[in-house]
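Heads up, the next two complexes both have subunit A, just with different partners, subunit B and then subunit C.
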Partner chain A sequence: MDIDDLLAEVAVDSTPEESRDLQELTRAWVAERTAPEILNWPEELMERVLERVRRQIELVEDQTGNMDPKTNFKLIVIQTELERFKFLVRSFLRARLNKIDQHPLHIRAQHTASLDSTQPLLSPSELQYLTSHQALLSQHYSASFLSQFPASLQRLDDTTGGISMVDKPDEDRAVFRQMPRIE
Partner chain B sequence: MYGETANKLVQNAKRTLALPHLPPYQSELIRSVVREVRDLDKDVASLLAPYSGSFNPASSPETACALLVNHLCMRRNKRCLLAYHKVRSDKLEEYCWNGVDVLEQQAQKANGSNAGAGGAAGAESSLSPEEEEYVRQYSDLLAAYKGQWTDIDLTGSLEPPKDLFIDVRVLKDAGEIQTEYGSITLTKNSQFYVRHGDVERLIQQGYLQRLS
Partner chain C sequence: MALPLPPGLTPPEIAFLCEMELVTVIPRQRLEGLELLGGPLKPLNPPQRSDISLWLALLLKRQRRANILPPPWLNTHSLTAILDHETEHGDTFSPPPRLPPQPSDNTLPISPPFLPTSTADAAPDALPYHWLELGEMLLEAASDDFEEPDQVRKLLRGLREVRMSKLRSGVEVLDAAGGIKMNGVGGMEVGEGRSFITGVIDGLRKIGASREQQRKDRDAEEAENGYSGTAGDYDDDEMDMQ
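Up next, the complex of A and B:
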């Protein structure tokens, strides 16, 4: 971070929405990849970003075939930018899915608790993925061995005996945090 | 007794983590662990039977101890079974994400060894029937989730993109592909300078090799 970034942050209105979104997306991506727990789904940001990606893809499709060297060069720049955006979004989504797969029951409980607040934890499609994946898994366990167990031992979220079966991410893990330096 | 077989399962799972392929499903071990749990459960029931529901641990500590050991063993066995299946299903999911068709591979393996051994005692699939079903359903689930992000291509590369165009060498004939810059015929050993996005899948499938 240098002084330009700081100034840009103070004068939010002077930076175009596009660059601000890129900055936000990059931050969300970095935060999601370093945080041990899953973070809130940035719905509005993602909608704006996806809409822009869609528009750029259309633009690229429209303009290909145009052999004018100038447009051709512009297109390459656009496509490079597009690939980078797609990478950011893809990596962001995959990082979230990874966490969902690791701690499904814990995250589902957290999501249900977050429904009352303004910002839910998961996007609708993530919740759907979580629910169906969990259903598949427990069906798989049950078909493989669990159905032959005594009834009292068939649960997957048992907490008796002092040990909870629901795994939690290590929320006390050390994380790195970048602070804008203010002098 | 008392968790020995389950330990073998856990060791097997631990080995699986480091292997590139999936070792055969240990259905025999699984069955004996399940049998052990059922025996233990019967033991618990017969231990408790004389007390008819009014068991006081303080009055007969030796029975209480036996019960505790049995309970802990059952729980431990359950945990080991869950861990074993989880490791395997994680691996299967990873195959789905990487676009590897496990079911087809297994079928090929079975066919191949059938032919080799003159049709006698072909190698069985490394997957249990339940796991095959799981793979099928998980790929459906994955396809459904991916379908909501068609612009992003979720299974794409997780390496940050550096260049829009890359050099590739063709390892296997892949026929003709259509790109925005016209069509290219991919014949073995030829080399091309193409857009990364166009050939990403072909690289994953092993038709092309990226030259750095």
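Up next, the complex of A and C:
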């Protein structure tokens, strides 16, 4: 380790929380976009990020009336960054919604199992989305055709007979993984 | 609302990621410090150099408020040396830049695009993770900040060709036990090869799994037939039950 390493280490430790959150969010987004299964909801990180986004939007709204060219350009920079952040958050959430839509029953079971641990799998609103979407779907199915079936064939999550009806993502799928360093 | 894209980053998403890389600019106008969502932005005072994110550098450049200093690896001299290295070593990629030390506290290790691998004091002899995207974007938006933009563009294209053919030649060993050393491969290159490579691996895995299943079934069958004599009776029993 030479002097450059020491200096760089000091620089790393003094990284402000905002920058570290951006790094963490970016990493979470990349992971969510590439992983076959849904990953744990980063609750604290998302709370901090969403709160900051909310405050920044207020700031932009406050200053939009200001026509001074100097402030105006500052506002352009702030708004550009805000849009980038919003894209990141939105794409992250939508990638999760996509997985929830594809494997609702499997994810609900996983979420219920994760409730005992410190980090639940889904956020409260994701769970709400999953539950109400699933309720609507099964209501629709039973109204349109399931009610005509014998009672023993009406279930949507039947696991008897060796074949489970609950679809699962292919958890063995190949992914690319970046190893910044080998310990 | 759900994202209709398949898993794996698409090229625009990789470019978005690349825009978070730090680059060095020479501002031509003052800009006060700003509290941005990704951390505070230091005030820009011409002609003091400053390291800022690529998206901001491009924004300033398009409005003629700053000049971008191309990173030290993005010039004819360095690229020629790297290209020579790539052609000499037929089966490995040129090594990635040296990593800064691990942060001492328990934070996440920093990875691209947050490593300062494209600022003015980055390593001149290695291609960073987002080399292709960053090079293309700088050449597109700030070609007047380069000494020989056309030459640089040509070298980038050459590098891309050489490295893509290495990646493609690796496909032949994608079966279960095969492996390719991918040290130094770039983000866009992974993105380009991703769907094909993972598709082949998964396809082979499924074929392998069904073969394995067949073998097991056959073994089980043979084991059952091993108790010959009883097998025939067993069938009869079943017939009776029906």
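Keep in mind that, in the parts below, the second predicted complex is superposed on the first by the 167 of 183 C-alpha atoms of A that agree within 3 Å, B and C clash if a C-alpha of one lies under 4 Å from a C-alpha of the other, contacts with A are read in each partner's own complex, and residues count from 1 in each chain.
The rule we apply is simple: a residue touches a chain if its C-beta (ideal position, glycine included) is under 8 Å from a C-beta of that chain, and two chains touch if they have at least 3 such contacts.
Since the model is a prediction, treat every value here as computed from it, not as a measurement.
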item: First (subunit B), second (subunit C), both or neither touched by A:T64; value: first
item: First (subunit B), second (subunit C), both or neither touched by A:V53; value: both
item: First (subunit B), second (subunit C), both or neither touched by A:F145; value: first
item: Which superposed partner A:T80 touches (first subunit B, second subunit C, both, neither); value: both
item: Touched partner set for A:H133, first subunit B, second subunit C, both or neither; value: first
item: Touching partner for A:R94 - first (subunit B), second (subunit C), both, neither; value: both
item: First, second, both or neither for A:L153, with subunit B first and subunit C second; value: first
item: Subunit A residues touched - subunit C or subunit B, whichever exceeds; value: C
item: Subunit C-contacting residues of subunit A that also contact subunit B; value: 53, 76, 80, 84, 87, 91, 94, 101
item: Touching residues (chain side subunit A, partner subunit C) in the complex; value: 1, 5, 8-9, 12-13, 15-16, 18-24, 26-27, 30, 33-36, 49, 52-53, 56, 73-74, 76-78, 80-82, 84-85, 87, 91, 94-95, 97-98, 100-101, 170, 172-176, 178, 180-181
item: Contact set on subunit C toward subunit A in their complex; value: 1-5, 7-9, 13, 16-17, 19-20, 31-32, 34, 36-41, 55-56, 59, 63, 99-105, 107-114, 129, 190, 194, 197-198, 201-202, 205
item: Subunit B-facing residues of subunit A, complex; value: 50, 53-54, 57, 60-61, 64-65, 76, 79-80, 83-84, 86-87, 89-91, 93-94, 101, 125, 128-129, 132-133, 136-137, 140-141, 143-146, 148-150, 153, 156, 161
item: Touching residues (chain side subunit B, partner subunit A) in the complex; value: 30, 33-34, 37-38, 41, 71, 74-75, 78, 81-82, 85, 89-90, 93, 128, 130-131, 133-134, 137-138, 141, 145, 148-149, 151-154, 156-158, 160-161, 164, 180-181, 195-197
